[in-house]
């Protein structure tokens, strides 16, 4: 088991390094991408800052708290973009061009290969921005318990895992529908729902965004762990949800591969 | 005269090509023309319902009805006036050298993509128009439907500007590799400037006036504002003028960059 | 009449060199070094109209660069190019209307729609008469034996069918100048032969000027009137195919067999006949042939003797090797 993990760790290291080397190749692209993401973050910030000019709280949070929420959102988003997004985005095009068979003949777990082939190393810059924003927002928060940061060690990864698993479900759909570029957009809509403080939604939506389309795990749950009353049940549930969705994504992927091999000639 | 006719016929063929290619992937088309606008609108509605739940009956001087009408029209219209697909296609043509196959034909790259783009937008828009109309009628929200035709005209006029910008961005691919992120940069910038992110009414002055002076608010804010009765006819019609300025600006920039770029273009192997 | 003329036309590419490894990449991110590569040295060339020119050379010899210059995709760094009286790089409608470029390794038809729809689109692009075009499509697809898949989307066709469709597409507007870059690459023998035979007939009827590059020497040997051999950005041979064969050291292919496998190794002149082998095919230069044959026929039980010209492909290879040895 440990050997396998070590092997995959080494493989991932190699993937990461090659990605970094090839990203450095296109320096203009890399710089623009950083600027783009800066714009995107500013968009989110500006939106909430503008809303708060007309109200003093959104859901249960005030401006200082929403800023912290955004910091967590940026961190989660940065990690997601760094590790997963680029692979997910390119998959449906690869399917359309008939390149999936090349992936499947490699002696590595195919889901791993598809999910991790490339890292978008320009997003390291995002992470830096995100962490900076988070530290700043925490410093403005006033009274909060720094020990709570400990929970982030479990909650950020579990949010990331459930985000990945949920997205991977949409990506897998590409195997059934050759051209699924637009299907991916549905995912973005869910993602967008996850980018808002979930206390503004009605309760049933809040539940749905936790157990059906698990997008609130990426920022909402960690933000609650930092700022809302202590709630170990929620943290445990998050980990379970993440594990469950990861398992589901794996099953669905294998099912899709079976479908692929029986459908193609 | 004959030349004009063959130009029209050829471009109509490109227009149709876009529609035929759309219909080739049925699920994709359904998602693009129906699911996306439906979900996009749904998400916006949910968000603003949530905001009103916590803020009281008015927000920035407008009622919930006003906002709902705004957020039902704005994702619909911003989806028409934003572009990823065809811009990526244009960049990809230059990036991977398949543009060679187009350059050797007696037509221009610009017209080829403009007509396809308009065909695609025309087709998806006519299908997905039922969604905002349905929402508005169902919730009885403020919308002046007699203004819809002129609004659609202004939107399709604006699409020429959109395509000009795409063309200009695509020409950067002659100079740099992998410029796809420029598309994202432009679209995110437009996201502020069009009024899609936030109704421009609640943006503080003087930023609001600056943004309205630019042509980009023709993409969302002006048409939606006019349609829902927030804006007067004068302000809306002024939009045609700013759009024209925008078209002229990007036409000049695009043509210069294109000509220079082609000269520089080395053409990838094979 | 002269269809194509170049005067001192050359092309230099500039590219960024990546330093090796990860550190090199980081360094390259901040500071770049560029190298210039001459893809085509100054070239003078004249091609008469109605000629079929075979363009041959190793990868990177400059074939594609020459084709791109002629199709106006790139401009010459120095010198002049004239095709059908036009400067190709101006990309005048009148010129594009008369020429066609086919790239064997790229799709030019539309991927997601049927070939018939693609052709209809091309007819609009070239302002062609619709019914005449339909007739032409029917004729050509029949000749190429691919009319049954006309209504299938391009992405569902086999490589050979796709190539045939690309050829149909490139001929719809009856170009006077046809630039074919590897039109048979990757195809099976049947498809290759079909395409070759089709082009032979087409040329007889339409008399276009054709420049053809190919990895398959059969294409060139059977189709071309004139051969251009390129190496390292220069034209190293320009003349008829038959003259080229005379210019190279002539090789003959001699085949023969013995009633049973050879018991021990034999040597005739400098040709080794291995022990245990029964059927042989050896290459021998024309000069040595009489001597070789006289010795060979002395061997007991020799049978099935055949003598033929060695293949064109080998001759080019030899020619190129001699050339590169000279440089």
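Going by the order they are written in, the chains are A, B and C; count residues from 1 in each one.
Following the convention adopted for this analysis, contacts are C-beta pairs under 8 Å (C-beta built on N, C-alpha and C of every residue); 3 or more make two chains touch, one makes a residue touch a chain.
All values reported here derive from a predicted model rather than from experimental measurement.
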item: Inter-chain pair with the most contacting C-beta pairs; value: A-B
item: Centroid comparison with subunit A (C-alpha atoms), farthest chain; value: C
item: Most central chain, Cα average position; value: B
item: Centre-of-Cα separation between subunit C and subunit B, whole angstrom; value: 46
item: Centroid distance [mean C-alpha coordinates] between subunit B and subunit A, Å; value: 28
item: Centre distance in Å when subunit A and subunit C are each reduced to the mean of their C-alpha atoms; value: 50
item: For subunit A, residues that touch 2 or more chains besides their own; value: 25
item: Numbers and ranges of subunit B residues touching at least 2 other chains; value: 25
item: Of subunit B, residues touching subunit C in the complex; value: 6, 9-10, 12-14, 17, 20-21, 24-25, 97-98, 100-101, 103-107, 263, 265-267, 269-270
item: Subunit B - residues contacting subunit A, complex; value: 25, 27-29, 31-32, 35-36, 39-40, 42-43, 46-47, 50-51, 53-56, 59-60, 85, 176-182, 184-185, 188-189, 191-192, 197-198, 202-204
item: Parts of subunit C lying in touch with subunit B, wherever the complex brings them together; value: 13-14, 64, 68, 71-75, 91, 93, 96-97, 99-101, 103, 105-108, 110, 112-113, 117, 120-122, 124-127, 153, 181
item: Touching residues on subunit A, where the partner in the complex is subunit B; value: 25-26, 28-29, 32-33, 35-36, 39-40, 43, 46-47, 50-51, 53-55, 57-59, 177-183, 185-186, 189, 192-193, 196, 200-202, 205
